[in-house]
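Common to both upcoming complexes is subunit A, partnered first by subunit B, then by subunit C.
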Partner chain A sequence: MNIRVYKDKITARLMGVIAFLSCLILVLIIAGLYYRSRPVLELKPFLELLTSGSWHPLRQEFGFYPFIMGSLWVTGVAIIMAIPLCLLTSIYLSEYAPGYLREWIKPLIDLLAGIPSVIYGVWGVLVIVPLIKDTIAPRVGSFSSGYCVLSGGVVLGIMICPIIIHVSLEVFRAVPRELREASLSLGATRWQTIKQVVLRKARPGIMAAIVLGLSRAFGETMAVLMVVGNVPRAPGSLLDAAYPLPALIANNYGEMLSVPLYDSALMLACFILLLVVLLFNIVARIVLIRIERQM
Partner chain B sequence: MEPETHIRVKNLNVYYGKDHVLRDVSINIPDKRVIVIIGPSGCGKTTLLRSFNRLVDTVDGVRVSGEVMVDEENIFDPHVELTHIRKKMGLLSQTPYPLPMSIYDNVAYGPRLHGIKDKKKLNSVVEHYLKIAGLWEEVKDKLHTPATQVSIGQQQRLCLARGLAVEPEIILADEPTSALDPKSSRHIEESFLRLKKDYTIIVVTHILRQARRLADYVIFLYCGELIEHGPARQVFESPREKMTREYIQGVIS
Partner chain C sequence: MDRRRIEENIFKGLMIVSTIALCLILVLIVAAITFKGLPSMRLSMITQTPKGGFYLGKEGGILNAILGSIYLAGGATILALFLALPVVLYLNLYARRNGSIVRLVRFCLDVLWGIPSIVYGAFGFTIMLFFGLRASLLGGIITVALLILPIMCRAMDEVFSMVPRGLLEASYAVGATRWETALKVVVRQGLPGMITAVLIAFGRGIGDAASVIFTAGFSDAVPNSLFRPAATLPLAIFFQLGTPFPQVQNRAYASAFILTMIILFISITTRIVSRKYTRHIIK
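Right after this comes the complex of A and B.
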């Protein structure tokens, strides 16, 4: 056989296998995590592990409730902060800003997504933590070390803006120009058009953008870990410390592994985290693919 | 005798970036008839139509000089209140774009914008304009289904009803039948002929047969220039300009 043809076939095969392997990794990770977390699952039913608040590895009590609540609190604050900021930004860029400005700002916002998360963390420690400790907490008449849900939420909220802005901007741009024109030609103002036509049409896409932001926030580790305080107790207010799941895993894996079942419990934490993030991602992608097809 | 007119265009120039799309167009558009703008594609027909309600503004990098007087008001004056200008004109685009809401809400959208809140009033407005657009019988039992679920021909008539519901004086139609099947196209054409006693209807088309069927008055554009305009019979049967004659005979396109 001609050597060129032969080479072509070999490389095609090889690349096919590599591509397939990279998909396989995900499956392997999920299977591996499940397998390694089985010991702790055998100890207690899954639901009880999720809802128990007692985390005493030495006594073999692994209640994930504080960590799940920590994750939910921090993610919640982040998303509540980020949604209005991001929507207003992307509405401005899509509907009001002149084209050249949009083309300039878009890559700048994408750049923000590339900032290493540890830098956001340092910024949080240097700016947000003291701000909360010295200014905000005394204002509301309480005490806080500054390492708390609010700091984590603020840092995260800013970190997830680029992705939400990016996706929702694309969703807005996918709304046909003619729809806006139809509304404008009936005598609607731009704001009326945005509220009643553009936002309505873009709603599923915006939801997808928010879910993507959520999944990013839920899984973010470094920046959050640096500012939330890491106390394994479910937070009761914004100024309490929290201990989100990713921080639990990152802080403890590799230490204390001599404690029986500790390793398995952390694997379960990984498993939960991965499933939640995957689920969010899949849902969001499906919605976005649908929107793309409609265009 | 000069016919009465709402729209007077004076030395209108439109540029998209460096493209000079409309060159020094001046014309008085006569009232209460069907005015058809013909010309080869890319000659500025649509741009001229979109200047009448300033939808050209939505294009990035557009520049306009000259005047478009609508009811003695220059709509390109920076102080003009746009919504009130646009309300005077209904728009039909090439493909129908129903708003992402129900059939009922599509028609009620304009009236609601302009302050009609009374349920009964809205109901009668919706019914009235759907009837005028010849759609009422087909949709009266599904007014609250999403507008995107009816056929494309029905969607275009819905868009017509939606446009009429803000009580415009003028209907702007940009190749309104180009996406429709022959039967739906005929529906639209028939509505125009019915409506022209009450409205000024400006239609852009590249279909000469359609122009002949509809037009009372013809505007012929070529490469952004106004070549000829006049009563349909005169333009079609004895055009003054050589270029018009050649276009009508199909020599140039």
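Right after this comes the complex of A and C.
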């Protein structure tokens, strides 16, 4: 056989194997984390671990409830903040803004996406925390150190904007031009067209974009860790400190090997995080793939 | 003016406000970091490693973290490139177009892209325990490579799928094999896009903290071996900010300024490269 053909056959095999291996990473991550978290799961049933509020690693009590609530609170604030901001911006960029403006703003949003989370954290400490401590908390008549759910949520809300906008813009672009033109030719204004045609058609895709943002917020570690206070108690208000799951994992890596089962509990926290994020991502991706196929 | 127009104008106003707000936030972040970090910038910050008592406010700099981050992100980028290039070539040249394998691999990469970096960190840590590795530069490189692999694949996939079909067919028509087409046509045509992808991945690697916290460790010395722990810039910022001394905290802001400048530099270079080299491409 010709050596060139031979080379081609070998590389084809090799590349196929590497592509397959890259998929295998996903399976390996799930299996690896499950394997590491099994000792704790054998100690207590999964549901009890999720709903118990007592976190005393030295007494081998691992209740994840405060951390799950912390994650939910912070993610909730972030998404409530990000949705209007992102929707308005992406509608403006896709429907109203002239081409040159879009070409200017898109790189800026990419830049926002490229800023490391630790920088967002430093910014939160510098700007958001004092703002909440000195201005917002006294105004609502309560006290807060500034390191609280609200500051975590605000910082996260900004961090997830680029991804939501990016996906939303793709979704809007997938809405056929003819639909808009049909609506406009019936005498609808541009805003009416957006409200009743474009947004309706784009709804599943926008939901997917929001879910992707949600999962990004749920797993974000460094920025949240720096501004959220890290008190292992379920927060009761926006101005309470919280302790989300990723912060728990990152904060305790140092001592986790010196306390029995502690590392296993932290890996279980990782595993829970992974399951939630996987679920969100798979659902969102399936929706987005459907939309892409319609194009 | 009728109600429809008023409503439209209100919403249009809101949209413009939110767009401006987003751009303004970017400016505010960079400005806040600069104003706070610049006054504490010293030349010693980037030319010296930490001396004894650095985290108590004594002399020294963060050269260990800057070099550590560059080694780590550089190594991870090279490793990820060697994995990503075959995957992307396979997807675009070898596998059947839009076949079920291609769709499965793309789906997996998309899902991997969404996994948070702390999970990669924990997974990297699990691998290291399995192989008996200590927290080291090598552990960090492997973990960060896994983290940036999907980012790089997606960026390069987008570029390679844009290579005109006719160009490939022309190459096949003169008798080239798929491998020769891949090397001499697709890679050359996609080179600017590849450079962009590599820079994006490098930027992500240099800025990520959560994945290296378990795996790379931290050290005051510049790493001189793959098996030594390595300091990273984001972690250096985090640790300095965590100390109770204002002087050290100010250095954290200066370090944050350095990291921001590195990231901005990479982003802008990415833009220039992709603009400059796309001119030499067959459209």
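By definition in this document, the second predicted complex is superposed on the first by the 292 of 295 C-alpha atoms of A that agree within 3 Å, B and C clash if a C-alpha of one lies under 4 Å from a C-alpha of the other, contacts with A are read in each partner's own complex, and residues count from 1 in each chain.
Note that a contact is a pair of C-beta atoms (placed from the backbone, for glycine too) under 8 Å apart; a residue touches a chain by one contact, two chains touch by 3 or more.
Computed from a predicted structure; not experimentally measured.
Taken together in the superposed arrangement on subunit A, subunit B and subunit C fit without clashing. More subunit A residues lie in contact with C than with the other chain of the pair subunit B and subunit C. With chain A as the common frame, subunit A serves as the apex of an angle whose CA-centre rays point to subunit B and subunit C; its value is 100 degrees, to a multiple of 10. Of the two partner chains, neither subunit B nor subunit C is touched by A:V283.
Look at A:R180: by the touch rule set out above, it reaches subunit B but stays clear of subunit C. In the superposition on chain A, A:L261 makes contact with neither subunit B nor subunit C. Of the two partner chains, subunit B is the only one that A:R200 touches; subunit C does not reach it. Residue contacts after overlaying the shared chain place A:L26 against subunit C, while subunit B stays out of touching range. When the two complexes are overlaid on their common chain A, residue A:T189 makes contact with subunit B and with subunit C alike. In the superposition on chain A, contact is made by A:G99 with subunit B only, not with subunit C.
In the superposed model, A:I18 lies in contact with subunit C only, and not with subunit B.
Judged by the touch definition given at the top, the superposed model places A:L212 against subunit C, while subunit B stays out of reach. Minimum Cα separation between subunit B and subunit C in the superposed model: 9 Å. Touched by subunit B in one complex and by subunit C in the other are residues 189, 192 of subunit A.
Interface residues of subunit A facing subunit B in the complex, by the touch rule stated above, are 98-99, 176-189, 192, 196-197, 200-201.
Across the complex, subunit A meets subunit C through its residues 4-5, 7-8, 11-12, 14-16, 18-23, 25-26, 28-29, 32-33, 35-36, 84-85, 88-89, 91-93, 96-97, 105, 107-112, 114-123, 125-127, 158, 161, 165, 189-192, 212, 215-216, 218-222, 226, 246, 249-250, 253, 266-267, 270, 273-274, 277-278, 280-282, 285, 289. Residues 4-5, 7-8, 11-12, 14-19, 21-23, 25-26, 28-29, 32-33, 36, 83, 86-87, 89-91, 94-95, 101, 103-105, 107-112, 114-123, 125-127, 146, 149, 153, 177-180, 182, 200, 203-204, 206-210, 213-214, 234, 237-238, 241, 252-253, 256, 259-260, 263-264, 266-267, 271 of subunit C are the ones that touch subunit A when the two sit in their complex. Every residue of subunit B that touches subunit A in the complex is listed here, in rising order: 53, 55, 58, 60-61, 83-84, 86-87, 89-91, 93, 95, 97, 99-101, 109-110, 113-114, 159, 162-163, 166, 172.
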